[in-house]
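Note that subunit A is present in both complexes that follow, paired respectively with subunit B and with subunit C.
Up next is the complex of A and B:
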């Protein structure tokens, strides 16, 4: 072979190599493009919940509900054929730990989506981080109304109502159906929710029924084990209505101690979170008291969108845990259903191509998704519009605990602060005609 | 009529509430105080023993009732379950703490904190996270009406008689035991000067084991006595231990009668706050603690000691 030939051969070889490199690069690049367009191996979902501390009375049932629902979803093929993998983490150790875990799950575990959280403090902490890290985050249980009233987010959405409808609905129920009262008292846990919910209660009552007298305002410490002084004071001051927005062991203890001393026979109790305690306090809670459920979460909902779905979930949850599902289980279900609906919406929008994080986040705005009871809509500000169920306790021989009668399902639009307004300011503008729009009570078929 | 005339009856009610709350607080704090006196370890795991005592009492009571036993057995079962908890958990914990005695105080504190975390998880493993309650003793003893003007205020007999009664028996019994029996005097001797007690032939190890087991049983009894009125939930031990520390610090470490008086001050103070200044209810125990420690840094009843170099 001549030198020229050798040179040509070299050139050809180099050309061939360059060509091969180019084709290879194109092929690799094409594969990457194909991978982006295709489905991932799995959808990783970080789920923040309380697995320790007093709020684990909500966090653990919610985890059990998530496991049940995700198992069922995966058994049915997952979302568009992609299976889900939940990664649970504990809110118990506090906000700092929560924030560190949130970042770790996004950066190291590469979770596709986050469900956070039960604690309002955790939600307030993670919302800006979700925005910064551009990670779609569903606020699945926390109730603070401040999130979407004080800031704008593109990656944060709430799949439930918030604290305003959770207080407004029971108070409207009280004013409409049990209006013969002139004195009220409060016993709330001494933290933000306890204080804020009482401020809302007072604002609504002052606006719609002026002249009601507050005879006692008591805020025992969070986790108190003894309410004897509070109960005695209530027995001595005889309020017509006692408002108590406590939850978990605190509410159970208060109800039992009040029942032991016949306070529940003397005053009407309004318990916005009472649904979650009914099975535990059993017959201690007599008939006639007003119960809320932080949504329309009730296993004997009078008009669920899909009665079979609710009955099947209730049955499967009971089989797994031995107890009836309480509101955090319903909240978890709403987050799971919202996630599925958003992926499906985004896939349709993109003609079947797997959505990016930004596209998935965009799909949540205006999303309407089914729940175990009524459909929920996510507004343009990210806040969920969910119906609120309020009822009155009644004894039923079929159950070892009081169930709800005379239930009113408030439409979410009616009791939720409009977009762009502050809840506290909006409540001050309520007009008495809102009472004429309160739906008629119905009793469950359960 | 002046303020007292207007509020005299309310004050009377507040005293009754304060007394029962003080009894509950005393039962929680006395074991912690006793243990600190002898072992010089501030035992954070005391809160776990309180919680486990509560859960154990509720479980035993529910078990007895489920087996068709007479409901009155739920009352002695409070004491029996506490003794069992003390006997099972006291000795191994004491053994562990003794292994770090002589180390820095911070290390000892951290060990008890680690124990607290472990026992908290153990508690969740056994009893789960849903609130547990067994109110048979309260239901059994019924209520008693206390006159209030033309009205009557129902109090539970459990709150009005049983709780203060048990606290009083515990206080008198402990004071008698420590001052009038040989074992009690040995405990006092080890409390005052462990080295001198050893030099006089007292088996300090045995005394510490006995004291710690008794302290553990008292913590469990505090939880057991709370269980008929309180829903037991994860975290109940943590909130209890904070209040116990306030009582022990105010009373003076190792002071049994001091703990009783401090508990009474806290009970009455909190109860009065609920009636007349509810905003201060939460801070009352700590306000009392700070006020006392500003004047008497060693606590109400402790005698200042000269430091040995």
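Up next is the complex of A and C:
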């Protein structure tokens, strides 16, 4: 057998050499030499989002929002006359592929700016690379609080809040406006966010309302399709409050199965990511449950900075996709608006001369930019200070799904961990007087 | 003469990889990952020779990657981390191998799959230690005592990967020509006869298994050192499936197969993702289907068939 192989491979060399040359030439032709001087022809933005896998329930709407917003921006002349070109890539295949794509977009496509990513693992992986490659990178959707609490970056910024305010705001809402409870239970997806958000929930409640009893802690596997045992356990232990920070198909399935067995009529649900599931679960979710939105992202926001902008976006988005925008669309808008604001700020600083990468990155520090709802500020550590909206579900004949009433918009400063502190430590030092600073609830005309 | 031909082919392939990495800087990273996976697939190829398919070799790859991630803070030296990680992977490979080498065919494949999923769950659930799905960052490491710039480090890792690929490729080629390698093929055709000859089939399979775990360990360490971030996804069954996919794509006929397959796989995935961000899986799936249906010998088989036809003409 081996002699046959020998003879064949002998001849293969010449062919292989030829083939190698051919492929090499092809690849070489792809190598472009670019010199950046003055105003570029276009601004290329690499956008990492989930186009496959369970998290595509966020990734795909976000991509649609990006396309819509960038089209609108380009139609209005782009940024200082320069048009934008988005290049989307899929986070689905995992971190090593994501990192490879990140490098490809920076080195081959020469993107000017990167929006990354939905997965916290991808954000943690790309932040140091962004720093190494000196590529301004906006963390547009991932929530892990670890990024800026564990390291310092000059090229990485987050244009949204993080997991700490996303849990703290709904819990404060619960403690302030529905304080009559003595037992809680949790059903969370079994991964970092599910565990971390529950640790935060417990820490806050222990600090601000000692004596609350935890009657069930359940962490079904990620992507579970059957919650009958969890629902049975909740029916048996009768917790006053059920905390569930899941999202996507997991949350939808859980709500439907809990509704079928009347669990939602017995316990008060606190769903920090509930806003993204409202339209899908529809009337399964009865009135009276607490819903968060990972920010003040709600198409019927009671006090948006520019009501026309929000209404126009909601309408255009619906025209294009047939559904109402959910929080990832708002997150995407924040990244787009932050980019525009930073370019404009850098241009003003330089007196109209096009900024370098470093100057653009510097412009993000302390930047205040508009969003679809209320303005967001990027702190000196790179973390965004965004308001958090929490509301209670209510039925409205105009909509086929529950909308939010008694909405509280928490100011970002109030619920975000101060610069230089660790979230878990900071939550342990919360004082009860924070409850007295919780704003009044507002109900908007639906 | 054959050794000469293989040597020339190897040098050409290495030169091709280096040239491509120089010409297209971002491909350097893709190439390093591809060669690292190729190392793990080389181990799969050894087992394939014995007719055994392991659906769990991501266990060794991810184990080594996590060893690197955990130890890099204490021993920030690539040339120490890599062998350490590979040795840990091989030791666990020995332990697991003692057990799984009793089984054949689907049982062998499924047991490997089960064990790798156990490891995946451990990585995902002991999140106090492993940071769960968010993964662990690998701190900056030195190379031979020197802290290199990111650019130099990526070259160093690529060259290290190439050296390992050439070294292991040569070793596996020798191994397959040796009585040990022939015994592997014999194990596939008729195991009973092997035993009658007085050769313990289990030990033959075990040594191939440990060797494959060692190579997967080298691959895993390289992946951790170049992506600088490890997550449990490395141990997920799809990662194991990917290795088998590459083995089929490349072809099990030669030690060049795994590396050819890995490069083709990574490049297809990269270009498919660049071309159609939302349908790259379909392109990859089509490529595999075509290979299975029309070229059971894989890419290497296609190349060889072309050469044979060319010679006859």
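One rule holds for everything that comes next: the second predicted complex is superposed on the first by the 409 of 446 C-alpha atoms of A that agree within 3 Å, B and C clash if a C-alpha of one lies under 4 Å from a C-alpha of the other, contacts with A are read in each partner's own complex, and residues count from 1 in each chain.
Throughout what follows, a residue touches a chain if its C-beta (ideal position, glycine included) is under 8 Å from a C-beta of that chain, and two chains touch if they have at least 3 such contacts.
This is a predicted model, so every value here is computed, not measured.
Legend: residue contacts after superposition of the two complexes on their common chain; A:233 is shown touching subunit B, with no touch to subunit C.
By the touch criterion defined above, A:262 lies against subunit B but remains apart from subunit C after alignment on the C-alpha atoms of chain A.
In the superposition on chain A, A:356 makes contact with neither subunit B nor subunit C. Residue contacts after overlaying the shared chain place A:182 against neither subunit B nor subunit C. In the superposition on chain A, contact is made by A:103 with subunit C only, not with subunit B.
Of the two partner chains, both subunit B and subunit C are touched by A:52.
Using the contact criterion defined above for the overlaid structures, shared-chain residue A:128 touches subunit C, although it does not reach subunit B.
For subunit A, the partner touching the most residues, choosing from subunit B and subunit C, is C.
By the document's definition of touching, both partners, subunit B and subunit C, reach A:190. The contact surfaces that subunit B and subunit C form on subunit A in the two complexes overlap at residues 52, 190. Partner subunit A is touched in their complex by these residues of subunit B: 9-10, 13-14, 16-18, 20-21, 24, 120-121, 124, 128-131, 133, 135, 138-139, 143, 148, 151, 153-156, 159, 226, 229-236, 238-240, 270-271, 274-275, 278-279, 281-282.
Interface residues of subunit A facing subunit B in the complex, by the touch rule stated above, are 52-54, 56-57, 59-60, 190, 216-226, 228-230, 232-233, 235-236, 248-250, 252-253, 256-257, 260-262, 280, 284, 323.
Residues of subunit C touching subunit A in their complex: 1-2, 5-6, 8-9, 12-13, 15-16, 19-20, 23-27, 29-30, 33, 124-125, 127, 131-135, 137, 150, 177, 223, 227-231, 233-234, 239, 253-254, 266, 269-270, 273-274, 277-278, 280-281, 303-304, 306-308, 310-311.
Residue ranges of subunit A in contact with subunit C, taken from their complex: 2-3, 5-13, 15-17, 20, 23-24, 27-28, 30-31, 51-52, 88-90, 93-97, 99-101, 103-104, 106-108, 120-121, 124-125, 128-129, 132-133, 144, 146, 190-192, 195.
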